[in-house]
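Okay, got some structures for you below.
Across the two complexes that follow, chain A remains constant while its partner is chain B and subsequently chain C.
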Partner chain A sequence: MSEDKHHHIVPYRLYVIVLVALLVLTFASIGITSIELGEFTVAAALLFAVVKSVLVLTYFMHLKYDKPYIKLMVAFVFAIFVVVIVITFLDYLYRV
Partner chain B sequence: MHTTNAVNGANYLTYQGKYKGLLGWIFSTDHKRIGLLYLYSIATMFATGVLLGLAMKFELLAPGKTIMDAQTYNATFTVHGVIMIFMVVVPGLPAVFGNLMLPIMIGAKDVAFPKLNLLSWWLYVTGVVLVLCALLFGSGTPDTGWTFYAPYSFKSGTNLLPAIFGAFVLGFSSILTGLNFLVTIHRLRCPGMKWSKLPLFVWTLYGTAWIQLLATPVVGITLVLVALERVFGVGIFDPALGGDPVLYQHLFWIYSHPAVYIMILPAMGAISEIIPTFSQKHIFGYKAIIASTMAIAFVGYLVWGHHMFTAGMSGTAQYYFSLLTFIVAIPSAIKVFNWISTMYKGSINIQTPFYWAVSFIFVFMVGGLSGLVLGALATDIYVHDTAFVVAHFHYIVFGGTGFAFFAAMHYWFPKIFGRMYDKAWANIGWLVFFIGFLALYSPMFYLGMMGMPRRYYDYLEEFHGGNILSTLGSWVLVTGFIIIVVNLVRSARKGAPAEVNPWHSKTLEWTVPSPPPVLNFDKEPVLGEKDGPYNYE
Partner chain C sequence: MNNMAEHQHAHVEHPDMYDPESSKIGMWLFIFTELLLFGGLFIVYSVYRYMNPDAFHLAAEELNTFIGAFNTVILLVSSMTIAMSTTALQKGHKKVAIALVVITFIIGIGFLVNKYFEWGIKFSHGIWPGSEQMLNEMSQGEILFFGLYFVMTGLHALHIIVGLIIMGFAIKGVANGKVNAKRPSLLDNCGLYWHLVDLIWIFLFPLFYLIH
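Right after this comes the complex of A and B.
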């Protein structure tokens, strides 16, 4: 198949902004552990991790500028991941 | 990369590159040489695994201690399992025949990342060495079974860490091969090679590559957790520390069930090449086979819990896993239907690969149908952890992947080595092997139904007859294996020169010389509208 000739060039400024956002989120995820959130502690940590992953995937890994089928593949992988988690909890939530 | 001028006239076996002799092989980035490296490595490990299996069968020739005690038996089945699963059947067809044939079948010069491909083989060898270290050094050979089940895996006093780390490294080898094949299939198809013209072996490698890429990291992380549990006692799986041992089983089987499809999908792909070639007929239901391949790859992710019906899962999860297990049987049945329909009214040319292919269908059917006994909740409780499971598993994995491997070996042998094997001896080898296989594993179905547990070095007197037959079968099988190996090794050196296309096949690898030149094609092939992998009419 033919190679892609066109590569999107991302300005450094954007990379720096994303880097700062990632650092802020990292400190925020540490900071939030000082607040007592009860059963939402894990959910909060995961939320920060998800936002950071999305930033890395979108900008650092160029997903934003990729072809739709690549985006579809990544979405498919996450869908599988969610399904696997849901199925696992069919066990844990319904144990007698 | 090699240049075309430098390799004019040389085939990949004789080509002299930067390095000479052995170095020219172990540092080669040529996909065909890497395929052969895998073939020799995997064949060596397979022979080792066979010897261990033979020793186990010998132990079971009579009740009580025959040649080994209980602890040695536990270690033997553990090592047999680790070798056969992680070093033989998981890499098996993709690493050997995927490497050897995939680029040629899609009209490419090599895989997308040749150096990464070589790294995969090196990681494989590193993993093998690590596992061998676990066997030879330290506080005793691992005795947990190949599944490393918690909590025993962090309580066993044996030398488990190198084995776990070895399996972890082998996983990386598998991931890199999968990644390489995915990119190769997406990016390096020759002009005219649309997705609808891909040979089915390539399609199955594509489905397999996805599983390798997505499922293998799960087992990698799980094995790291077991190591952390052993060393630091972090309490993820240890109930004494608030952990859950059933969670280990979930995580392990989230990989290891899809891994069964890593083993069987390329096997099905090889059979899908062989049947139309030796029937000289277009494959029946090309699109149905593709759809069933992708369905198996997808649904195969979601059925792992059927390995855990008696582990204490919730009833809801059990119903769900049982239902989906029955559903995943459907695409496999579709494939069998398509293979049989391809043979119907074909001009069947009975040759050794065809014998292997049809015997594959037989043993795969027996293995698949006995799997439904285990997928049904009520019957599984009756036969779980008995010899029945061992029989089912070997019918599917050894009968499925193993038979397909030998089918593929006899099919592509003339292309790989440029020589033809002795067909009479090849047929005799197949027959002896097939009889040995049936005698070895069939009695285990009966023994399991009668209640003989698996993984015990001893048994009750009433199971003696079945075990004698099974052990005799193992000797017959090994005799067949020796005949096959001797014939192939001898023929690779001294066989009659092979034609370019001895089986009159239609896929691209049969258009290049035997053995293929270093860069596969003198000119990049271009597929026309009427060209296709199975256009026999």
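Right after this comes the complex of A and C.
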């Protein structure tokens, strides 16, 4: 238990790599939404945003080095959010 | 008995309540409430977008993708610098840690300056919540788009300002030694909050600026 108090020191280099990945994804999402993809534009933009947020949560927000119960809590909240969105759209898509 | 009295005495004498794990859980619980706050707004946005696809498409053209992209880039960089400040503090490089938080602070100010100009351009075009131009010349869907744009980016900007204030406390704490390698919670939580602000922008940017 006391060993957990010893913080994992994340090297600067890892943060730089994550930043570069985030920037590449940002420009890729700008590129892909400028092409006319019709309905897929929204899906593509959101997919890039989800990948980016996973990177931020995992590395910048330290979840990778946190205890499992913290990861579970975060995953649970996001799962609740997704469920609410799905239920909302089930309502709107199938309204008569 | 004697032992207990001694223990209590020690407790009064030195009430050190520092507990990094509790601090972290508390911060995450707060972040969850923030996610659900913005989450609710994102649901409102997606429902109205679903109901007014053409108006949202048209209104989004009005937004400047360049300024949005620029703000995205600087906010991502600022997230990295504040994450690095924790590393610096853990390594015992106090001055580097302070410098990195100060850089983050300056970038945050830069974000707000860009937002000021961005909103200023909208205002000069007669677009603000409840403006005559909006009420008389825009369709219902466009009014909804700009209403959500101002509320969501405004609420986000408010979070930037709060983040800057917390950074002020973090800088002060690191400078006077109260926040150090053994007690990094304030800086850690400041970082977590700033990453949350970044996280929200990661979704705001494509939804308002890119999808049209």
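Here, the second predicted complex is superposed on the first by the 92 of 96 C-alpha atoms of A that agree within 3 Å, B and C clash if a C-alpha of one lies under 4 Å from a C-alpha of the other, contacts with A are read in each partner's own complex, and residues count from 1 in each chain.
What we mean here is this: a residue touches a chain if its C-beta (ideal position, glycine included) is under 8 Å from a C-beta of that chain, and two chains touch if they have at least 3 such contacts.
Since the structure is predicted, the reported quantities are computational estimates derived from the model, not experimental observations.
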item	value
Clash-or-fit label for the pair chain B, chain C on chain A	clash
Larger contact residue set on chain A - chain B or chain C	C
Contacts of A:40 with chain B and chain C, given as first, second, both or neither	neither
Chain B versus chain C as contact partner of A:84, first or second or both or neither	both
Which of chain B and chain C A:94 touches, first, second, both or neither	first
Set of chain A residues, in rising order, touched by both chain B and chain C	77, 80, 84, 88, 92
Contacting residues of chain B [partner chain A, same complex]	186-189, 214, 246, 250, 254, 301-302, 305, 312-317, 320
Chain B-facing residues of chain A, complex	1, 3, 77, 80, 83-84, 87-88, 90-96
Residues of chain C that touch chain A when the two form their complex	20-21, 24-25, 28, 32, 35-36, 39, 43, 46-47, 50-51, 65, 69, 72-73, 76-77, 79-80, 83-84, 86-87, 90-91, 184, 188, 191-192, 195, 198-199, 202-203, 205-207, 210-211
Residues of chain A that touch chain C when the two form their complex	4-5, 7, 9-12, 15-16, 18-19, 22-23, 26-27, 29-30, 33, 41-42, 45-46, 48-49, 52-53, 56-57, 59-62, 66, 70, 73-74, 77-78, 80-81, 84-85, 88-89, 92
